[in-house]
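Okay, got some structures for you below.
One chain, chain A, appears in both complexes that follow, with chain B as partner in the first and chain C in the second.
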Partner chain A sequence: MTSRARRNGRLGIALAVAIFAACLLLSLALGPVSLSPAKLVGYLTAGPGSGGPGGIIFWDIRLPRVLLAFIVGASLAVAGVILQDLFLNPLTDPYVTGVSSGAALGATFGIVLHLAPLPWMTLLALAGGFATLATVWVVARRRGRIDIYVLLLAGVTISYFVTAIISVMMIRAHEDMDAIIYWLLGSFNGRSWPEVEVALFALPFMVVPLFFAREMNILLQGEKRALELGVDVERAKRVLLFTAAALTAIAVSVSGVIGFVGLVVPHIVRLLVGPGHQRVLPIALLGGAAMMGIADLLSRTMLAPSEVPVGVVTTFVGAPLFVYLLRRRRSGS
Partner chain B sequence: MTHVALKDVTFAYAERPVLRHLTFALERGEFVGIVGPNGSGKSTLIDLIDGLQKPSRGEVLVNDRPTGAYRRLEMAREVALVPQHFDLDFDLSVREVVEMGAYCRGKDPAQCGDAGLTLSRLGIAELAPRPFTELSGGERQLVVLAQALMQQAPLLLLDEPASALDVSHQLHLFDLLRELNRDGITVLCILHDLNLALHYFAKLLVLSEGEVAAFGPPDDVLRPEILEAVYGVRAYMHRHAGRTYLTFSPRLRGERRGCVHLVCGGGTGAGLMRELADAGYEVSAGVLNALDTDEETGRELGLQMAVEAPFSPVGDEAHADNLELMRAADLVIVTAVPVSHGNARNIDAAREVLAAGTPVWAHEGLLKNDFAGVTAGLADAGVEFFAGDAELLTAVREREARPQGRSATPV
Partner chain C sequence: MSTTRVRRLTAAILLLAALALGAVALSACGSGSDTASTAASPSAGPITVTDDTGATVTLDQPAQKVVSIAPADTEIAYAIGGGSKMVGGTTYDDYPEEAKSLAKVGDFSNPSVEKIVALEPDLVLAAGGIQAGLRSKLEKLGMQVFVVDPTTYDGVMDDITQLGELMGLEANAAKVVEDMTTAKEEVQARVASLDRPATFIEVYSKPLMTAGSKTFIDDLVTLAGGRNIGAQAGTGFPNFSSEVLVKDDPAVYVAMSGSQSAPGAIAKRPGYSGLAAVKDGKVYVVEDNLIARPGPRLAQGLEQLAAMIHPEASPAP
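The block that comes next holds the complex of A and B.
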């Protein structure tokens, strides 16, 4: 790394931390009932169960919801970085592996069978996600190697297949159609501590790719060159694919299919700090969290008291930002 | 000590065999080039040595150990490969790309070598902060070489490392490879330029259709008959300024076209010799003095010639040889050769075959360079004159298309 890039990297991380903190503060403070920073500190230090209605809002509604949004955003962004670089394809997002569709199918079963969201719907969603991953994995495996292109195609194909099943289920169980559509669009509405507990399982998976930053950099030159330079490519692919799938499955199981964050955050980060993973991974993690936090904040305040689905917000915010950055970069270089 | 050994190695993609029964060994510290036509299996061979492909049959050994027994990380410390194609669509700096080469040396900077030093050794230190994607093809090739050098492996495999380099960088690269070799690194390098192969490498491996066609010192290996068999071209060896170099002509298709005899000397016939030989004519020449430029060219092209001793006038024996060659020819061409008393008999010989019915053509320059006064009246005798070599060649080509004169055989 050149010293300039290193400086940019440090600056980037510092900036990302600052934005992350600002977004966290805004998300906690704003809402139908706004809470001042002083109050936030008060609630935090007093602990749960105190501080009257404000404390209840903070501890039982606001904090878990914000934490969940941040964890889901970070998970999707990290999964997006991993998959875009493994597939060497800029249009990849965490959902191409089919894991999200599988999870959606699991959740749809839960809704149609009128099971409780927790633990059953979440468990079914996780099971659906991992079952899809296993299927795609088996299809793409040949002579001990995972063919990354077969995996991509198998993932896309299985997504369509599973989506078709969901459509059939929606038509058959039309009284549940609203619930299914609302779940598919993705939302943090009504989520609380149990969902956060599930989402916490994503944290170790966010750390894993940091240990593979060098391998991920080298893999940008393609699998063959990585082999030549001594990378155990199959091991790296196995670990990274599983990590991305786990992050996606966990995120989808607690929040539904929220689009755009996993696609756009890695790109924005690369445009700002370059493709080196020592920088991209931590900044994407913080950036994904911050973007999802702000999106959720907008989703619950824009048309309060009704909510705009958070997936709609991420797209409305992300798309113009992305186009702007692409244009700026082209005129700059 | 044997560094690399292939024992009866066969390799096939699906059913198509790429390499067949390959057996050869490299000693530690050897400097070997691989040449061979496109599709002869050169790149596959170095992939096999690097363990990226497994042989379908036979064994590939590096340090007496089968390549399949290496983990990738171990292999990267033993073998560095410079690939022919290298894609990177991400905006990494040159320094970052080069540093990736040290992956197999772990994270300790003391073990990893200095990317800046490696770049300056290749003469491209100034590229370090530039984005890799903005480099030219040649610069990229050098950067990838720098990346491979960061592996600090004792065996360096290169796949056409000079293909995108200008002549100065080419020479610099091969000098550098030789220097690395002197430091003890075994070098195995694929290249297409046979003259570079001839000059730089101690040993050459010629691959042809997946088999070893020849393996040994370049002078033994790049013989015209081997090159003709392997590449399907005619190859000529020339010696110039103390060096041997090769030139090539396309292989002839079908029958020979006819026989042309050249009366030339002092380099006035060398160009026509090559053009006519390449066009498929059987070319003879004479009388020439040994060591004359035209005589040397004719010898390199393997022409039949009547030759006299250096700096001697044409003697009876050479004159007789010359007449015999001329009589066998369908056409005699006299170049703008300076005529003196030493070679005036060649003009006499031309008159003689002209009288016997063989057409004689001449370059107009002949008349200007006549110091013996023997060319006057050639036009009256029926010699056709042309303005230059180009006109002569055109006429020869037209003559073939539309036979003329008294010669029944098309020339």
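The block that comes next holds the complex of A and C.
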């Protein structure tokens, strides 16, 4: 790494931290009912259960929801970085491995059987996610190696298959159709501390890829080259794939299937700071969190007191931003 | 293509066309004689009404074979004594009991056009919203479609009157409307001088959804002496922010039973602990078919809502 790149990297991380903090503050303060910074400090110091309706809004509704959006956004962005680079495919998002569809199927079972969201629906979603990962894994395994190409195709195929099952369940259980559709669209509406507790399990998985940054950099040159350079390619693939799947499954199990963040944030970050994973991973983590936080903020406020599904907002915000950056890079180079 | 083939094809088409013409002519004669026979009845002459979509529905004579693809319409048809004219319904039909045994043409959101056609109805009763696209399809197939999509309690009564005309059951319909009017006036008299407590109607819980303005549920809340918080969120059935719910602090919280919420479970939701309705024990679950179906049972729904919003002014159940 040249000293200039290193300096850019540090600058990038510092900038990402600043943006992250600003977005966190905005998300906590703004909403259909806005809270001034002074009030925020007041509620924080007074603790839960005080401060009247404002305190209830902050502690029971706003804070857990914002935390959840940030954790889910970070999880999806990190999973997106891992999978795009493992598959060497820019169109990859956290959902291609079939994990999200599996999780959605699990949640759909939970809805149709009228189980409580927590812990049963979440557990079913996690189980569904990991079950599809296991299936895809077995299909892609040959002589102890995982064929990345087969894994991608198997993941996409199983996604379609599982989605077809969900469609049949939706038609059969028509009185639950709305619940299933809204779950699939993804939302942080009505989520609170129990969901945050589940999402916290994603935090260790966000750290894992940082230890594999060197391996990921080398894998960008292809598996053959990585083997020549002495990388334990299979081990790196196993750990990274499982990490991405765990992040996706946890995110989907608490929020539904929220698109675009996992696809676009890694690209935006690479466009801004280059491909090195020591920089891309932490910046994508912070950027994914910030983007999801802002998207949820817009989803709460744009049509208040009504709400817009957050997945719609991530696309509305993400797509133009992405196109702009693509154009800028082309004219710059 | 050779000329002989073209000639043969033309001949075949002409023959088919002639057959079709003959069939149309024959059926025209048939229906002509029908009209003649019913001309003796007092309600002769075409019946024309304008439904909730502004479309005109015209029948030459009172409907004899009716298919309903909306459970509310089925309830109206039975309530005005038209049960014997019903030939088809949907899997959603559950009231009255006899409606359950109607031939099924599918479910509410996706009825089968083929099955409806096969029953040869002279009138199809539908709802608005997701069934809007279906109307043109059915009308192209030569069917008369009456859409019940009212936005007020009075609008429901108008629809009942109109359906009475279409089915030749005006007197029965007038009786149903009279009962509904009485129920409305009694409730209004009881709550007229009282405050209007902020009331929240939960239509759905995941996500939180309410009844906005220009819905007959909003009208019911107003008639029952409440102030519908959901009206500020727009028309129809919008999502509703839980933050705004806490801020607006409803004194009465009514969940529809289709929302699958028990009063105890509702009180435990995040942020709900501070709601006046929770503190005062004014969280209720109402049978959703009584307030969500624009039919005659809306009168019962109105009475129940009034008892929840103003228990002090309502007779003990």
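Please note the rule applied: the second predicted complex is superposed on the first by the 333 of 333 C-alpha atoms of A that agree within 3 Å, B and C clash if a C-alpha of one lies under 4 Å from a C-alpha of the other, contacts with A are read in each partner's own complex, and residues count from 1 in each chain.
By definition in this document, a contact is a pair of C-beta atoms (placed from the backbone, for glycine too) under 8 Å apart; a residue touches a chain by one contact, two chains touch by 3 or more.
Just so it is clear, the structure is predicted and the values come from calculations on it, not from any experiment.
With both complexes brought onto chain A, simultaneous placement of chain B and chain C is permitted, the two fitting side by side without a clash.
Greater residue coverage of chain A by touch, when chain B is weighed against chain C, goes to C. When both complexes are overlaid on chain A, the residue A:L88 reaches chain B alone and has no touch with chain C. Contacts of A:E175 after superposition on the shared chain: chain C is touched, whereas chain B is not. Of the two partner chains placed around the shared chain by superposition, chain C is the only one that A:P53 touches, whereas chain B remains out of contact. Rounded in steps of 10, the angle chain B-chain A-chain C defined by Cα centres in the superposition reads 130°. Looking at the shared chain after the overlay, A:H114 reaches chain C, while chain B stays out of its contact range.
By the touch criterion defined above, A:G276 reaches chain B but does not reach chain C.
With both structures placed on the common chain, the touch criterion links A:K224 to chain B but leaves chain C unconnected. For the three-chain overlay built from the shared chain A, the minimum Cα spacing from chain B to chain C equals 42 Å.
Note: no residue of chain A belongs to the chain B contact set and to the chain C contact set alike, using the contact criterion stated above. Taken in their complex, chain A has these residues touching chain B: 1-2, 4-5, 88, 214-215, 217-218, 220-222, 224-225, 227-233, 270, 274-276. Every residue of chain A that touches chain C in the complex is listed here, in rising order: 31-33, 52-53, 56-57, 60-62, 64, 114, 117, 171, 174-175, 177-179, 182-183, 187, 189-190, 192-193, 300, 303-307.
Considering their complex, residues 50, 52, 71-77, 80-81, 83, 86-93, 95-97, 99-101, 103-104, 128-129, 147, 151 of chain B touch chain A.
Partner chain A is touched in their complex by these residues of chain C: 107-110, 204-208, 232-234, 238-244, 246-247, 249, 258, 260, 269-271, 273-274.
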